[in-house]
Amino acid sequence: MAKKAITQKTAILLMHCPDLPGIVSAVTSFITVNKGNILYLDQHVDSVEKVFFMRIEWSLNDFIIPEDKIEEYFRTLYAQKYNMYFRLYFNDYKPKMALFVSKMSHCLFDILARYTANEWNVEIPLIISNHDELKGVSERFGIEFHTIPVNKENKAKQEAKELALLAEHKVDFIVLARYMQIISENFISHYPDKIINIHHSFLPAFVGAKPYHAAYERGVKLIGATSHYVTTDLDAGPIIEQDITRITHKDSVEDLVHKGQDLEKIVLSRAIEKHIERKILTYKNKTVIFS
Amino acid sequence: MAKKAITQKTAILLMHCPDLPGIVSAVTSFITVNKGNILYLDQHVDSVEKVFFMRIEWSLNDFIIPEDKIEEYFRTLYAQKYNMYFRLYFNDYKPKMALFVSKMSHCLFDILARYTANEWNVEIPLIISNHDELKGVSERFGIEFHTIPVNKENKAKQEAKELALLAEHKVDFIVLARYMQIISENFISHYPDKIINIHHSFLPAFVGAKPYHAAYERGVKLIGATSHYVTTDLDAGPIIEQDITRITHKDSVEDLVHKGQDLEKIVLSRAIEKHIERKILTYKNKTVIFS
Amino acid sequence: MAKKAITQKTAILLMHCPDLPGIVSAVTSFITVNKGNILYLDQHVDSVEKVFFMRIEWSLNDFIIPEDKIEEYFRTLYAQKYNMYFRLYFNDYKPKMALFVSKMSHCLFDILARYTANEWNVEIPLIISNHDELKGVSERFGIEFHTIPVNKENKAKQEAKELALLAEHKVDFIVLARYMQIISENFISHYPDKIINIHHSFLPAFVGAKPYHAAYERGVKLIGATSHYVTTDLDAGPIIEQDITRITHKDSVEDLVHKGQDLEKIVLSRAIEKHIERKILTYKNKTVIFS
Amino acid sequence: MAKKAITQKTAILLMHCPDLPGIVSAVTSFITVNKGNILYLDQHVDSVEKVFFMRIEWSLNDFIIPEDKIEEYFRTLYAQKYNMYFRLYFNDYKPKMALFVSKMSHCLFDILARYTANEWNVEIPLIISNHDELKGVSERFGIEFHTIPVNKENKAKQEAKELALLAEHKVDFIVLARYMQIISENFISHYPDKIINIHHSFLPAFVGAKPYHAAYERGVKLIGATSHYVTTDLDAGPIIEQDITRITHKDSVEDLVHKGQDLEKIVLSRAIEKHIERKILTYKNKTVIFS
C-alpha cells in the first residue's frame, strides 16, 4: 500500500540561518501574502550555535508566484537579507536513489519490498555491487544490476565507472545497504549529505569493522544500529537515526548478527524515508530531523 | 539540579481554532511587530477535524504590550477573528499542584524527589489522602498532609472539604498519584483537564480495577502505564503519556506490580512535566503534546 | 546468511506436568546416564497452576538409545510416572510452513527475504491467498501460489480445498501473514497451536477489525502488534510476541498503518522463529517462551 | 509494598566451572536425593570459553544436610571434582549495602524510596559522601551519613577511614549512586564485584567525564546509562544493566542531563536488585544475569 497519495502540489523549503527575531514572521508572510496555504511548519533554534532552522511546506494551488520562479524570488527577497542557506523541493518530483550492496541481502530486501509496495516516493534506477551474490535478487525485482569489483589498486578507476553510471541515471542520492567498501573522498565530494550508510553498532561505540564481535567482547546488554550520512571521516558523519535491541549473555556473536539485522534494516529504512520526505537538515556534522 | 533556570521572562500562548490560511503568519506578525522575539513555535493541523493547533513562546524583554494587556489585545485583534480558543501563560508563574495519594508510595516519592531537587517549576502546597499511611513521607518533606477518608456515604461531604482546601491553597491542578478512589462528576467539573491520573495499564487494555491481574490472566508480553486527564468517563480521558515494559511467563502478578511501579512513576512524572511546561492542548478527548 | 548451521544432531524435549520434586533430576539423569550431553535446559514453575515446564536439548552423538526409540522409552520410563505432556523434536527435521496472505505484502516479503537468506530452518511449500494480488511476489520467489477466494457461502468448501492442499504438502504449521479472513473452528481443529497470526494492535486493546482506526480515535501514544496462536476465540489465542512503537498526535490513520507495518512484520517473524526453534509451550491459553 | 515476602527458607547456589557432560544431573541429584525441592534452575554454557554457569535455588524445608554444612558437603562432593567456583547464599540473610553519593540526589532518592517501601531484601547502614549537600536527605530517611571529603592529597587516608566504617558496619556491597570520585585500586580490591556504579552513558560510548556533553557534540539520537561493577579499569568493568532513551536535535545538554537522570536511577536500581537477588555471576569482565 502506498503510504500517501499526492493530493495536491506543494513546495517544501528547508533552511537555516543566523538566528534573528522576525524570521518566522517574514517567511510565513511571504507565503501567506502570495496565497500559499501553509500545511506544515516546524522550526528549531540551536541556542548554542545561534542558528535558526525551519522546514515549511505549502500548497501551490493558489500560489501566485510561478513554480520555476519561487527559488529566485525567495533568494532575492529573503535569503540574502537573512544570510540563509536553503533548499526548495516540490512534492511531485520523484527522487532517484541508487543502492550499493555487497553480499548481505536483509537491507536490500527490506528496501525493495517497500519499493514494490510503493511505500516511498522514490525511483530506484540501479543497484551497484562489488560482488555477484545479490544479482539474482535484483533481477527478481527487475532492477538494473552492475557488478563493479573494487580493490585497492582499481578503486579510482572503478569509482569513476560508478560515478558515470550514477550521472547517466541522474541519481539524486545513494544508499549503502551494507556495502562493505570504504568510499573515497573524491567520490563522497560528488554527493555531500547524499550518501546514507547503515553501521551495525550504536555509534560512536564500536566504530570500524566487526562491531558485533566488539559488542560481544565488551559484554554489552544492548546492541544498536546507526544510519548516518557518509563523510570522509569513517563512521563519523551526521547521525540520522539510531535504535537498539536488548541482548543477554546467552547470545553468541552469530545471535548478535542475526538480531542486529532486523535493527539495521528498520533503522536504514527510517533514515531513507526521512531523506525522501525532505525532513533532514545537516549543520556542522549534526542533523536536524523534522517531525 | 534544577532543569532550567529562568533566564528571561516569556509568554506562552496555547491555542486552537478552525484551520484557515494565514494564521501562523498573523500570530507571528503580532509578536514580531510588537518586538517580541519568538523562542519556540510548534503547530499542528488536524486534517480530519480541520483544526489548527499552535504553541508559541516569546521573550517579553522588549515586547511593547504590557504583560497584563496581552490577553486582551490578543483576544480583540485575533482570537475573535479566527474563532480561537486560547490560553496565555507566563513562565515566571509557579503553578500550584496538589497531590492525592492512598497507600502506595512510589509515585509520591518520585514526585517529591523531583520537587526537592527543583526539577520542576511548581509548588506543592498540600497532599490529600484517604488513608494515613503516607503521612510520614509527607512530613519528611515538610508538606501539609490531610487525611480525608472517603466512602460511598460521605463522598459528597468529604469532596466538599477537599475542594475547600484546594481553593484555600489556590491550587491550579491536581495529580492523582495512585489515589484509589473514584472522583465525582461534580469534583471533576471544578478542574477540567486539570486532574492528572496514572492508570497501571496500557489503556484502553485493562480498564478498571486490578489491571495487573488481568494482564497476567491474558498472558500479555508487555505491560504498560498510562497517564491521562480525568473525565467523568472512568479511565477514558485524554491520554497524555504511555509507556510499556517487557515481561515474560516467569513474572508473577507480584512481579508485574513491581515492574509496573517503575513505569507508573516515570510515566506520571513525564505527564506532570508536560503539564507544568504548558505543552498540552486537549481537543475532543485527545491531546496534542507539543515537543 | 544462515543463522546457525547444524553442527551436531540433537533432540529437543518440550514438556509440562504437575509440579513435583525431583523432575529435573530425573530427566537430566535419563539423558546423562544414557550418554547424552545436555546443551540447553530451561525450566519454569507456574506456582499458581502448580505446573512444571521444561525445555531440554541434548546431543545425540553418543546417546545410546536409538533415535526412533527415544519417545517410547521416555514415555514408558518418565512421562507416565509424572503425568507429563511432552513433545520430542530433532534439530535436523525441517518443518513445513504454509503462508496465508491477502493483499498486503509487507509480512510476506519479510518472511520470504529471511527464507531466501536461509535464516530459518524451515521449508515453505506453498502460499494460499483469497486474492490474486500477491501471486507475482510468490512467483518471484519460486513458491507455489494458490488463489482460493473465500466468502460466507463457499467457506466450508474452500477450506476443505485448503486442508487438502496442506495435507498433500505435509504442512506442519501455518502462518497468517495479514490474511484477512476468519478461519472456521473446523479448520483450526486440524492445526491446534499450529496457526500463527499477526494482529495489528497491542492485544487485548483494539480487538477485531480496524485497530489502527480505533487507536487513532482513542488517541493512544503507542501502537502495537501481537502475534498469537489462532483459537476459536477471535484475537484471543495464546500470545507469543508483542511490541510497540511510539506515535504522536501528528500521525494520521495512514501514518499508523505505515508505522504499524514495520512492527507487524518484525513481531510476526520473531514469533515464527520461536515456533521453528521449538521454544514455545502453550498451557491454558498462555505461552511459555523459552529463551 | 514489599516485592516478595519470604515464605520459606531457601539456599541459592551460583557456580561456574569448565563445561563437562553431567553437571546439571549431578547437582540436581545432590539436591533431590537429599530432599531439597528445586524452585529455580537456570543454566548457561559459554560455548566460546567452554564454561558452564548455573544458578539453582531450593527449599530447605526438608533438606537433610544442616544449613551450616551445605557448603562443606558441596565443596567436598562436587566442587572439587568439577573444578567449580561457587557461592552459596541463604534467602533469609539481609545483605548490607553502603551508598556513596556526591551532590546529585535522583539516584539516592530512588534507592531510599524503594528501601522505605521494603521493595528489596537489603539493609542500608550508612551513606558516605565527599560533600555535605545530601546530608539532609539522609537525615529525613534516618540513615547515618558521613561526610568524607576526598582530594588527590588525602585520598589514601580518607579511603582508609571509609574502609574502617564499612568494616565496622559489616557492609557486604557498595553502590556508587553518582559518586563523583575515582576509587583507588586498593579500595576496589577489598570489594571485588561488590561495587556497583552507574555511568551516565551507553558504555563503551562516551567513557569518562561529561558523557552528556560528548553525546550532544556527536549528535546521537539516543542516550543511555550503564550500571557496572567497578574494576581498576575506569568505566570498563563488567556491565550489569543498560538502557537508553530517545532524544532529538531539540534537546540541549541540560535536557540530556534531565532525561538521563530518569534512566540512571532506573538502570542503577535494576542492577542493585539483580545483585541483591543473587542473580549475577561475573566471568572475565562479563556478567551472566540469570532471569
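By letter and in written order, the chains are A, B, C and D; residue numbering begins at 1 in each of them.
The rule we apply is simple: contacts are C-beta pairs under 8 Å (C-beta built on N, C-alpha and C of every residue); 3 or more make two chains touch, one makes a residue touch a chain.
Here the structure is a predicted model, which is why all the values come from computation and not from measurement.
*Asks:* Can you grab the rotation angle between chain C and chain D? Superpose on CA, round to the nearest 5°.
*Replies:* 180
*Asks:* Count the C-beta contact pairs for A-C and for A-D, then tell me which is higher.
*Replies:* It is A-D, judged by the count of C-beta pairs in contact.
*Asks:* Between chain A and chain C, what is the gap in Å from one C-alpha centre to the other?
*Replies:* Whole-Å distance between the two chain centres: 36.
*Asks:* Find the geometric centre of each of chain A and chain D from their Cα atoms only, then give the gap between the two centres in Å, rounded to an integer.
*Replies:* 42
*Asks:* Two-or-more-chain contact residues of chain A, please, as numbers and ranges.
*Replies:* Residues 248, 250, 291 of chain A touch two or more partner chains.
*Asks:* Any idea which chain A residues touch chain D in the complex?
*Replies:* Checking each residue of chain A against chain D gives 44, 46-48, 202-206, 218-222, 224, 238-244, 248-250, 252, 285-289.
*Asks:* Which bits of chain D are touching chain C when the two form their complex?
*Replies:* The touching residues are 21-22, 24-26, 28-29, 31-33, 35-43, 45, 246, 291.
*Asks:* What residues of chain A sit close enough to touch chain C in their complex?
*Replies:* The touching residues are 1, 3-4, 104-106, 109-110, 112-113, 116-117, 119, 137, 140-141, 248, 250, 254-255, 257-258, 262, 266, 269, 291.
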